[in-house]
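Labels run A, B and C following the written order; every chain starts at residue 1.
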C-alpha cells in the first residue's frame, strides 16, 4: 500500500469517525444526562438517511434535506421525550432496552411503509460530485471532504455551546450531578428536552450526510448503532470530548484494519474496546468510578 | 428472582404436557415452530442465570449459544456417520462453559453498563471469528447432520415422518430438565448466595463472600447451558450460521427475559414462547409483522412493569412466600452516573 | 494480650488530601474502643481501611497476626473482622430473616456444603435467630427489609454483622437516628458484646460513648489528637479545646 493510498484510507477513517461522532455525541449525552439507554438511536440515523434519499428522489438536494433532518430531528426528539422517554428515567435499564427495541421495530415498519424494502443508492449532490487531487495520482471525493468539514463544524459548534453558553453549562451540570439540577433551580424538563432533541437531531443529520456514501437499506442503523455504543464506552459516558476522540480512534481502527488486516478486521474495534475497558474500566475520559 | 411455588409449577407442568401433546393436534409446521421456540426459551433461561439470579446483564451470551451449535459441526466427520448425542451434548455444554470461563474471567473485572459492553465486545469477537474465516462454512453457515440418538451400535433411527415430533419432545425434555435443575439450584445455599449478590453485591462481599468466584461460577453455568441450547438449535434446525453468535440474538434473549419477567425463574420461558407466538400471529394477521410486534412490546413495557410472569392471574397459583414488594431493579448503569461533560 | 486487629501508621489520601494521616491502634478482645471526632475527622475512612473497603496509601494492618496487605474486603471479613455501615446497607429485596440468614450462611458454610438446600441447613438458621434476638428483631423475621423503620434498619445492620460470628466488630454509628429507648438497648448490647469481642465504635452520642467505652481515641483532621481512658480524655486540655468544647 502506497503512502498516498494510506492517506486516502486515513481520510476515510476520519470521515467515518466524524459521522460516528455525530451519532455517539447524542447517545453519550442522553445516557450521561438522562440515564437512558436508547437502542433506537441507530433508527434515527436511518430516518435521516432516508430523508436525504426521498428528498433526492423528489428532485431537491442537500440544501433541503439537511435543514429538514435538523429541524425534523429536533422535533421528533422532543416528541419522543415528552411522550415516551420521560416515563422511563426511573425505570430499570432492561425496560429501556425493551422500549427502544420496540421503537426500532416501529421505525423499521414506518420506513418499509414509506420507502419500501429495497436497497437504494443515493446520488452525491451534483455540486460536490468531483474529486480533489490529494497526492501523487490519488484524488479524493469532494463530497467526503465536505462531510468531514461539516462534521468538524458541528463538533466545534457543540464544544462552543457546551463551554460558552448557559444552556451548555446547564447540560454539563446535569451530566455531572443529575440530582443537583432541581436543587439549583434549573428546569430539569427543559434540559431533558434539549438534550433529547439535540441528540436526535445530530443522529439524523449524520444519517442525512451519510446517505450518498453508504446508500439506504433496511436495518442500516444496526451497524452504526453498535459501533456508536463502542465509541461511547471507549470515550467515557457523558463526555462529548471523549466521544469525539474515541470516534476518531474507532473510525481509524475500523477503516485501517479492514484494509491492512487480512482476517478479523471486523473484530478490531471490539478488541480495541475490550483493551480500553480492561485498562480503564470507565473509558478514556470517563469519571473515576468503577 | 423467585422460583414458582407448587401452584406455579403445576401450571408450568400443564403447559409442558400441552406442548408435548401438540403432535396429535397440530401440523408438522406447528410442531417445528414450537420446537424452535422451546430452544429459544432454553437459551433465554440460560441467560436468566446471569440476569435474574445474579444481576449480570450480558450482551454476548449468544457467543456461547453459537459455540454450542457449532460443536455439532466440529464433531461431525465430513461424509461420516452422525456423532452420538451422548458425545455432542456434553461437549457442547463443556465448550460453552469453557468459552464462558475465558470471557467471564476478563469481563467480570467490569460492572454494570461496562460489563454489558465488554461482553458485547467478546461476543462480537467470537462472531467475527466464525463470520470472517472459513471456519464452519464462514459467513454463509453450513448444514449439519443431526446427532444420532444412541451410542455406538444402539441407535434409534427416527422415521422421517416422526422426526419433528421427536425433536419437539427432546427439546421439551431438555428445557424441563434445565428448569428443574435451576429451580433446585436456586434453593441451595449457593443459589441463595447468588440472589444475595443480586440484592446487594457490596454487602455480600463485606460479609465475607468472595463474590467474584460466585459470579464467575454463575457465568460459566449460564454459558454451559447456553451451549446446550445451541446444541439443541443445531439438532432441531440442522443448520448453523454465524448469525447465531451475534449481538442481535443476545438482545432477543434479553427481550424474552424482560417480556416474561426478570423477577421469576420461569419468566424467560414465558417471554420466549410469547414472543414466538406473537411473531407468528402477527405474520398471519398482517404483512406489517414488525408493527404488531413493536406495538405489543410497547404495550407490555408500559402496562406490565413486571412482565408476563407478574400478571395478577398467576398470584392465586403461587404458594411461594410472598416476595418482597418489588424485585430489586437490575441496573445496567449506576442510578446517578457520575459523568462529566467536558468538551476540552 | 495479642491484638485481634492492629494498625500502624495508616494513611489514606484522596488526591492531595490525607483523610487519614497516620493512625495507629490495636483492638483487643474484651475492650470497647471508641473513636470520636468532629465530622470530617476521618473516622469513617478509618473504618473503611480497617475493614478492607479501601486500601491504605501507607501503613500496615495486621488481622489476627497476619499481614493484611492487598486483601480484599471479603478476606478481612473471613478473617473475623465484621463491620456495620453508617448508611444502612442491607439486602432490600429480601426479608429481614433472609438478610440475617444469608449473613450467617456466609460465615459458616464450607464449600462442600454449598449445594445443600438452604431451608434445611440448621446452622445458619440457628445463628440467624440468635443474632436477630440479640439485636432485638424478634417478630420482624418475615418483614421486607425495604419497609423497616430507621431504627429497625440499624438493628438489622447489627444483626447481620453478629450473624457472621466475627471476633472484631467495627461499628460505624450504630445508634444514629435511634430513639432513647432503642439507643439504651443497643448500648447495653455493645457492653455485652465487648466482653468476648474486640469492638471499635464510632459514635457521636457522647453520653453513650463515655458510658460504654474502655478506651477512647480522638481524631481531628485525619490524625490522632489524644488517646486513653475516658477519664483521661475527659480531662485532656487538648481534647477539650479542639473538640469537646465545641459540643458533639
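By our rule, contacts are C-beta pairs under 8 Å (C-beta built on N, C-alpha and C of every residue); 3 or more make two chains touch, one makes a residue touch a chain.
Only a predicted model underlies this, so the values are computations on that prediction, with no experimental measurement involved.
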{"item": "Chain labels contacting subunit A and also subunit B", "value": "none"}
{"item": "Farthest chain relative to subunit A (centres taken as mean CA coordinates)", "value": "C"}
{"item": "Distance from subunit B to subunit A - Cα centre to Cα centre, in angstrom", "value": "31"}
{"item": "Whole-Å gap separating subunit B and subunit C, where each centre is the average of the chain's CA atoms", "value": "42"}
{"item": "Gap in Å, rounded to a whole number, between the CA centres of subunit C and subunit A", "value": "49"}
{"item": "Subunit C residues touching subunit B - in the complex, by the definition given at the top", "value": "51, 53, 72-74, 77-78, 82-83, 85, 89-95, 98, 101-103, 105-107, 109, 113-119, 121, 124, 142, 144-147, 160, 164"}
{"item": "Of subunit B, residues touching subunit C in the complex", "value": "185, 187-193, 195-196, 198-200, 202-211, 321, 323-328"}
{"item": "Complex interface listing, subunit A residues touching subunit B", "value": "28-29, 31-33, 35, 37, 39, 87, 91-95, 97-99, 101-106, 108-109, 112-113, 158-159, 162-163, 171-172, 175-179, 222, 226, 229-230, 233, 236-241, 263-267, 270-271, 273-274, 277-278, 281-283, 285-287, 289-290"}
{"item": "Touching residues (chain side subunit B, partner subunit A) in the complex", "value": "51, 57, 106, 109-111, 113-114, 117-118, 120-122, 124-125, 127-129, 131-133, 247-248, 251, 254-255, 257-259, 262, 288, 290-291, 293-295, 297-298, 300-302, 305, 329-344"}
